[in-house]
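Shared between the two complexes below is chain A, which pairs with chain B and chain C, respectively.
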Partner chain A sequence: MTISLKQRVDPKQAALVILDMQKGSWPAKAGPAGGEEILPELIALIKEARATQLPIIFVRNTHSDWTTTRSRKEQTEHIGVDYRTRYWEGTPGNDFLEGLNPESQDLILIKHSYSPYAHGPMELALRSRGIRTLLLTGGSTLGAVETVAKDSMVRGYNIVMIEDCVHPRSGPVYDVVVDYVNRHLGITATSGEIIACWQTAKR
Partner chain B sequence: MALLKTLAQRVDPASSALIVLDMVKDPGAPPSMEIPRLKNPLNHLVRLVQSAHRVSFPVIYIKNSYSDWVRLDNWKEAWSRRPDYNAKRYLEGVVLHDGLEVGEGDIVMIKRYYSAFAHGPLDLMLRSRGIRSVLLTGGAVLGAVESAAKECFVRGYYLVLVPDCVVPDSGPDHELVMRHGAARLGAIVASADDIIEQWKALPQPGANDA
Partner chain C sequence: MAVGNRDRVGPRNCAVLLVDLQNDFCHPNGAWKNAGIDPDLAKRIEAIQRFLPEARSQGVPVLFVRTVYNSWTISPSIQSWWQKMGMQGLCMEGSWGADFYQLAPQQNDRAVTKYRPSGFMETDLDLTLRAKEVETVLLAGVGVWGGCFDTARDAIAKSYDVMLVEDCIAGGTPEERSVLMDIFRRYHSEVVSSRALVKAWKQAK
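Our next item is the complex of A and B:
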């Protein structure tokens, strides 16, 4: 049974998920925040999603001493990064990137590791709202996005990864993930294709 | 790793935490201390929290909180049949009862159902802080407290139930939970005074903050 893109993005049963678009994104040290290159397309997509009354979930990666396991400390030490550097609660790195402004009807969901299903009410929220398809955006492509695609698929949700609204959105890692999603987890599509579906449905 | 058999071991600030369950105000409610069923347990709990802060004992406040994002149909159906149903109870942004202060180093987390572990990071938080023993307080004693006791036990945490810091603090529900907790879940049942007495021997780094 093939599910068309138009069916998958139907606002009655889909939600837009925006993963970890925060000022503390890669690179961890000095330099510009990761993900800014996708903001124009992502912001346009959010605007259209609001116009179709699509539920929107902003996922915020947040760490504190209360949620940092010894294994995470050891891993960040292993790559030469202070475990309090990125996404640390109460620091500017935890804030959403400029231009991403959740509204009262949106859900802001806190996560503490790659997966928003771990340690949080992600699945409860999806079931409460009758959501069956997730439109995945944000980053990183091989971190949160691929993780959510996999964790969602095994829980029975349909996946659309939005090609131009994930970061990085080019290069070998991106190519591998797009191929993997299309072969095993769901489908990928551009933001323009999705917006076209919504606009067609309105007519 | 040593078994935690004594109260002193289970209230050690290095490996224990005080959990305060669902001690939140209903919209429009009178001052918390003027509510008869709350007055005594809240009074004891406030003293316990203040003593915890004096010895830098971690406190985890857990607030029941709902929105349309986190209400399943079975919840809506079940609650609609309750005679005490209050649609505004536990709405997002709900605040703690008067007198319960969030100290530096404490954490406030949200839960959505009876269980403090479901849909939230409680297990992650306890493990991240190396916590092996939890002191359970708050209410309702046969709702959130009993649920947390059972779920803590099956996840490997040691329990201390604080009978004068739960709501209600007497009656059949209270007796059942204390008796079952001690008999089946290995809980030590200890009053706020018993616990505070254990902490008196410790350094009091937070005494000036109280």
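Our next item is the complex of A and C:
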């Protein structure tokens, strides 16, 4: 039984998930091609999602002394970086990137590592709302996005990774993740293809 | 209070979890219809008010674990439960009912939000306790049938050493509370008084 893209993105049973699109998530050395690169497509997608009344979940990565374990400190020390991240709780780096403006009906979910299932009411919210498909955006492609795709798939949710709304959205790592998602976890599609499905359904 | 070489209630090993101390659960005008059935509520709150400064002065982490419901976490089964209890809603996000009752987290305390009776269900409580390297959980607050008890049992399942701080737990009728404390004492773990804990802390110094 094949489930079509149109069925997967049906607003009655899908939700848009935006992962880690925060000011501090993208190091300055990434240059202008940091997470901001995907903002035009992502913002256009959010606008269309709102028009179809698709539920939207903003996931915010947050660290603090209350949630940083000894093992995490040891790991950051091992790679020579400060465990107090650029998106530390209560700092401007924790804010969402300019142009991403959650509204009161959206869910803002705080996580402290790769997966929002680990430390917040992700599954509770999905079940309470009857959501079956997650449309995944944000970054990084191999970090949070691939992790959430896998964590969602094993919990019984359908996955659509949105090719032009994840960061990075080109290069060898991206190619590997797209291939892996399409073979094992769900499907990938462009934001244009998804918006077209919503617009066709409206007619 | 030692197990092997470990001091179970040593300030560096334990944390106080203060569960559901919110208007909807405690205030006479709160949504929880059974809020008024504990005749000792005021006495319990006073005991908590005396206990928390002692814990803080020992460097014991204090976590306010509060219930919050919103349009994302209210399922049909939750709505049926509320209906059964004669409630329109409970601890709704941003409402007066969800606010803390009489006490509030101090600067070095932590507020943890939960979405169901147990403080461990889809929250960062476990991560927070592990980050603080807590081994013993001291339970206080409200809700012998719900918040306190469910959190205590999940804490046991997650391999924490758990103690109910009897005089700092409110909610339910005295009979209900007595039955649950007895069950906990016999089948789960330990029931202690705040006075015994404070005494142990002071003696250890």
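As a convention for this text, the second predicted complex is superposed on the first by the 197 of 203 C-alpha atoms of A that agree within 3 Å, B and C clash if a C-alpha of one lies under 4 Å from a C-alpha of the other, contacts with A are read in each partner's own complex, and residues count from 1 in each chain.
The rule is simple: contacts are C-beta pairs under 8 Å (C-beta built on N, C-alpha and C of every residue); 3 or more make two chains touch, one makes a residue touch a chain.
This is a predicted model, so every value here is computed, not measured.
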Chain C versus chain B on the shared chain A, clash or fit after superposition: clash
First (chain B), second (chain C), both or neither touched by A:Ser170: neither
First, second, both or neither for A:Gln75, with chain B first and chain C second: neither
Contact residues of chain A, present in both the chain B and the chain C interface: 65-70, 107, 110, 112, 118-121, 123-125, 127-129
Parts of chain A lying in touch with chain B, wherever the complex brings them together: 64-70, 107, 110, 112, 118-121, 123-125, 127-129
Residue ranges of chain B in contact with chain A within the complex: 67-72, 107, 112, 118-121, 123-125, 127-129
Chain C residues touching chain A - in the complex, by the definition given at the top: 70-75, 78, 110, 115-116, 121-124, 127-128, 130-133
Residues of chain A touching chain C in the complex: 65-70, 105, 107, 110, 112, 117-125, 127-129
